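Residue numbering begins at 1 within each chain, and the chains themselves are lettered A, B, C and D in the order written.
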Amino acid sequence: MINIGVIGYGYWGANLLRNFAESLATRPHVVVDPDPARLEVAQRRYQGVKTATDIHDIIDDPALDAVAIATPVSTHFDLAMTALRAGKHVWLEKPMTETSAQARQLIEEAEKRDLILLVDHTFIYTGAIRKMREIVASGDLGDVYYYDSTRINLGLFQRDVNVICDLAVHDFSILDFLLDEHPVAVTASGTTHFSGVPENLAYVTLFYSSGKIAHVNVNWLAPVKVRQILLGGSKKMIVYDDMAASEKIKVYDSGVKVTTSPQEIYQLLVGYRTGDMWAPKIDTTEALRIASEHFAKCIETGAAPVTDGRLGLRVVEVIEAATTSMHGRGETVQIEARGMKSWSPLSI
Amino acid sequence: MINIGVIGYGYWGANLLRNFAESLATRPHVVVDPDPARLEVAQRRYQGVKTATDIHDIIDDPALDAVAIATPVSTHFDLAMTALRAGKHVWLEKPMTETSAQARQLIEEAEKRDLILLVDHTFIYTGAIRKMREIVASGDLGDVYYYDSTRINLGLFQRDVNVICDLAVHDFSILDFLLDEHPVAVTASGTTHFSGVPENLAYVTLFYSSGKIAHVNVNWLAPVKVRQILLGGSKKMIVYDDMAASEKIKVYDSGVKVTTSPQEIYQLLVGYRTGDMWAPKIDTTEALRIASEHFAKCIETGAAPVTDGRLGLRVVEVIEAATTSMHGRGETVQIEARGMKSWSPLSI
Amino acid sequence: MINIGVIGYGYWGANLLRNFAESLATRPHVVVDPDPARLEVAQRRYQGVKTATDIHDIIDDPALDAVAIATPVSTHFDLAMTALRAGKHVWLEKPMTETSAQARQLIEEAEKRDLILLVDHTFIYTGAIRKMREIVASGDLGDVYYYDSTRINLGLFQRDVNVICDLAVHDFSILDFLLDEHPVAVTASGTTHFSGVPENLAYVTLFYSSGKIAHVNVNWLAPVKVRQILLGGSKKMIVYDDMAASEKIKVYDSGVKVTTSPQEIYQLLVGYRTGDMWAPKIDTTEALRIASEHFAKCIETGAAPVTDGRLGLRVVEVIEAATTSMHGRGETVQIEARGMKSWSPLSI
Amino acid sequence: MINIGVIGYGYWGANLLRNFAESLATRPHVVVDPDPARLEVAQRRYQGVKTATDIHDIIDDPALDAVAIATPVSTHFDLAMTALRAGKHVWLEKPMTETSAQARQLIEEAEKRDLILLVDHTFIYTGAIRKMREIVASGDLGDVYYYDSTRINLGLFQRDVNVICDLAVHDFSILDFLLDEHPVAVTASGTTHFSGVPENLAYVTLFYSSGKIAHVNVNWLAPVKVRQILLGGSKKMIVYDDMAASEKIKVYDSGVKVTTSPQEIYQLLVGYRTGDMWAPKIDTTEALRIASEHFAKCIETGAAPVTDGRLGLRVVEVIEAATTSMHGRGETVQIEARGMKSWSPLSI
């Protein structure tokens, strides 16, 4: 049983508290938030949990094993560094930090102190993404050709981060998890329609040295909510529709075959084939519950989390590069090639 | 009654012949195709129509008022120029020509000879797009913020044109029709997964001097067919789903309101509102029928078609710029600012 | 602030407790359940609420104003009668009782003691059904022609009630709420595919003296979940899809017009027209929250709840008649005509 | 090559003519219709086909092998009998005749003369229904529990037949084709909302001696078009959505398992399981084309068509029983048990 203090009781902090409370592997002891009204709501729901407005009620409490940080991104670095220096394991919301330099410092500090640092890229713990990883790893898709994601809805605008940081971040982590390859370049376009507010829509393209291409369309100003990923392979293709009530993952036995017939006018070089479609059963356990228990287990065993600081860093690097490109109206920005985590059998 | 010769009896040429035959305003006299098997099919269906393999059976026939050209793009310029020089009105499939220079020559030739030159950007004649134009023109959307189109499916690969030429061309013409503004720059990324074949997926972003942004996602290698346009405005937003069996156009009374509350941490600057949705009745007349009759009427009255050579030229210019950007891996390419057609009341 | 004791902490009892806890108008004091494990869960979540296994911890507690009963139907009558006789207001889950005779006794007892008796036909408190009522009451539909409901899914089979009691009960209450008319006859067919288990699918048709007809298709053995109501009128028609993520209510400006053209062979007497579709914004407040506050307000003011014992009784009468017909393999069963509640302006 | 005369050039007659013309196995020679305007349309499209207003131009033409009858139901018997007596093979639209007595006479006449009599229950020739038959016959569904069909839309009202005759007829033929069992009883309810017009909505339930149950919901007055069949089995279940652009057939590995745990209060006897879903590839050849060629082949070989007069008769018997029940407001009507066609391997 891991004792946890939670910093920040906003929308996501409330989800954290609920999951830490309902899991048998974790127990929330203290929740800190600057807003007394939020704390009152937390207190009404969880009468055994202590509430406080000062983070030192968490940092200095020797009974706490870990700290979960669910605050605005601009505060992540300071809070996480303080927690690590106090010897606490850290659960950090995404994106990990504002800059890759900060992310590197946190990784170093955690490693020096043998502390677990988990970045909450929640999607990776969903049944759907784990199933996609399983299918990709099995080789059933053949060569992966492209990844194409749409994340649009009428969303609350954020003051401190742009839409890439808020929504495309999910795709950057999913790509890191699904593919055994890191993007080498990015081009992004985006705009804001309100002065003084960060970009509210953006289109990001990632290039891989293998020829793979990934595209992400994110938009806070769309009248309908879409959460859809296409993953095209040489043998099969996957459509993941996260808004579907059931059959979120569909695997299409469809593809393209190159024909060799003589080239005349009207002649096509490449034809297509369509076959069956298959929607595998997906584990519907709440992703946060799986992540909570993974966090507790990593603390117990010392194993690195699937979404460790290194994955978190790689995501921040892509966000940085994409934002630079967007501010340069689509100029291509290189991303440093780097070794990926080994693609060993997954054990979330 | 306009007498028409049709060059090319492929998939689209068959649609042209059927529409010219069923309309009371037009009559197909001759169909020319190099493939005798195709001609035999045409003959079986339309026994009164003459078939031939030599285009001079059309060009030299004084009984013909007009020529419809439904052949590969690479042949458009020569065939259209020949027809114009023979004094025929011309119906030309999209895209108009391979280069903007060719397009300019055709426009000049047609104007010199007072001949009608219609480029078959069919979408503009659909009930859905005409309804969208009507809504945009009414001001109901407020300021148009963005246009976002997805045209993906498992498509026949084409030897002579890339996917921008084949699919994004629709969006370039629709944008020209819907907006009273021309894009000033474009950035595009794309790739092919088969050597020797043009790009089979591409992502194109268009920039406008007003701050509008347009994005087009086209892909011949997707397992599902999507044909969707989002048009976001300051007051309302439209979703046009061309695959929907009914209610293709949905108008959302949704949007964003800038709030003025004091800025604290967690504070959002911009909130959203949602309201009713409205799906207007759409004219379901086949677009080609409307275009056929518009062509006949323009020939009779001498009026310029809605999709005249100038619109066709502007579309070719955007294709050229987008392809240049794609080959430069997303570099920004400027498009010359130019006067648009006057936005007079529409009379298709 | 109404003090409430909750009897039964199963799936629905947990929802009741949560709503009574979160509403400012109600406060749950005690929860009773025979299962200590359930009580432990309740205790963990709501540490201020007392738990007990004996209902007398509720019935005999003078601090409690009201009792909410969320137990199997077979226990409803005894528990509710005991609570009423102890002077408690009663919130009773649906269906109200096993027999209409029992329902009448409860109504009589509550009236004699001036106590509020609310039957939790939750659907009536949803934004969707309240919007439908508003549209019907406005006359916009014209004459209501038919009601057609499908409620199917792969459901947990119930030992003590058949699928009519479990699912069609929703439609019987919605019909009572939407229409100013009571059905006069019913015919029902159904079957079970497992020996010793009540009917798991049923088809029910209700007849009204005005000529209206209502049909309900309920099934616990369907691979997909459908929750759809069609309400057809002479001027407009409504489709209510409760599984839709948004636009649950769609109002179609479609209908039928009787034509008067001469009758020849092939001649149609009646044609159709299609027009716009409109999806009004729906209040998305949780229905149970609205019902909780309505209950508290009725207790304070003495007003009859919208879903009072009389509505509950009428629903039980229809269940009885439908079950009788089903056991008679579809024989028509008459329902006694009765005065409906006055259709005064609604004030939930 | 079978030479065919077509009687009736309405909506469906035009489809027949097109298919007979495009198939290499059949050739339309003459089309007869009382309406000269319709004949003119036919003539314009098929200049080699003779048109006439007198059916004797077909009946008396010795060059014709077969007659296709696409006229109102009330004329089916006389026209088909005349054609058979003239020695022609007969293609008859559904439903076969107004009465089962007439159907029996036609069967007898055809058998006496060794002529082919095909009733055009087109659905049976679709890829979707043939795939369903294949799955049922393979045993993959386990025991078939129920069939549940919804066929609703805003339809043209018909003067001479009710909605059962027009729409439920499809289900009666599909049931005959899918199941190796005939219904033994039927109950139906329905109504018309326009005086002097046949019933425009109906709900039909069929009972089988094995315990299977089938339900059909047909409605000409619905604002949305639905064409959906659920087929529930003990092992798997099928959903056939004919309005889906792709994946019309979905096979769910879902079902119910009877549990044997001790029966306490709240205890469920039967639980459910959910598994993968699978959408097999479907042959998309136009059903009429397959039926046309099947007709030609039966004429050549003398084999009985899959949709022969006996199948047509059984469908008419179910229509008669259902209509009788509907006019009796849902009274149960028995259907005579009868031997079904042998379930030999299918060879359409």
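Here are some notes:
Everything that follows uses one rule, which is that contacts are C-beta pairs under 8 Å (C-beta built on N, C-alpha and C of every residue); 3 or more make two chains touch, one makes a residue touch a chain.
This is a predicted model, so every value here is computed, not measured.
Common neighbours of chain B and chain C under the contact rule above are A, D. Comparing the CA-atom centres of all chains against that of chain C, the greatest distance is found for B.
Here B-D and C-D were compared by C-beta pairs in contact; the pair with more is C-D. Centres computed as Cα averages put chain C at a distance of 38 Å from chain D. Measuring from the averaged C-alpha position of chain A to that of chain D gives a distance of 52 Å. Looking at chain D, one finds that residues 224, 274 touch two or more other chains.
Touching chain D in their complex are the following residues of chain C: 10, 34-35, 72, 145-146, 148, 150, 152, 154-159, 185, 187, 189-191, 193-194, 196-197, 200-201, 203, 205, 207, 211, 213, 215, 217, 219, 221-224, 230, 232, 234, 237-239, 250, 252, 254-256, 258, 263, 265-272, 274, 329-332.
Across the complex, chain D meets chain A through its residues 247, 253, 274-281. Considering their complex, residues 21, 44-45, 47-48, 224-225, 243, 245-246 of chain B touch chain D.
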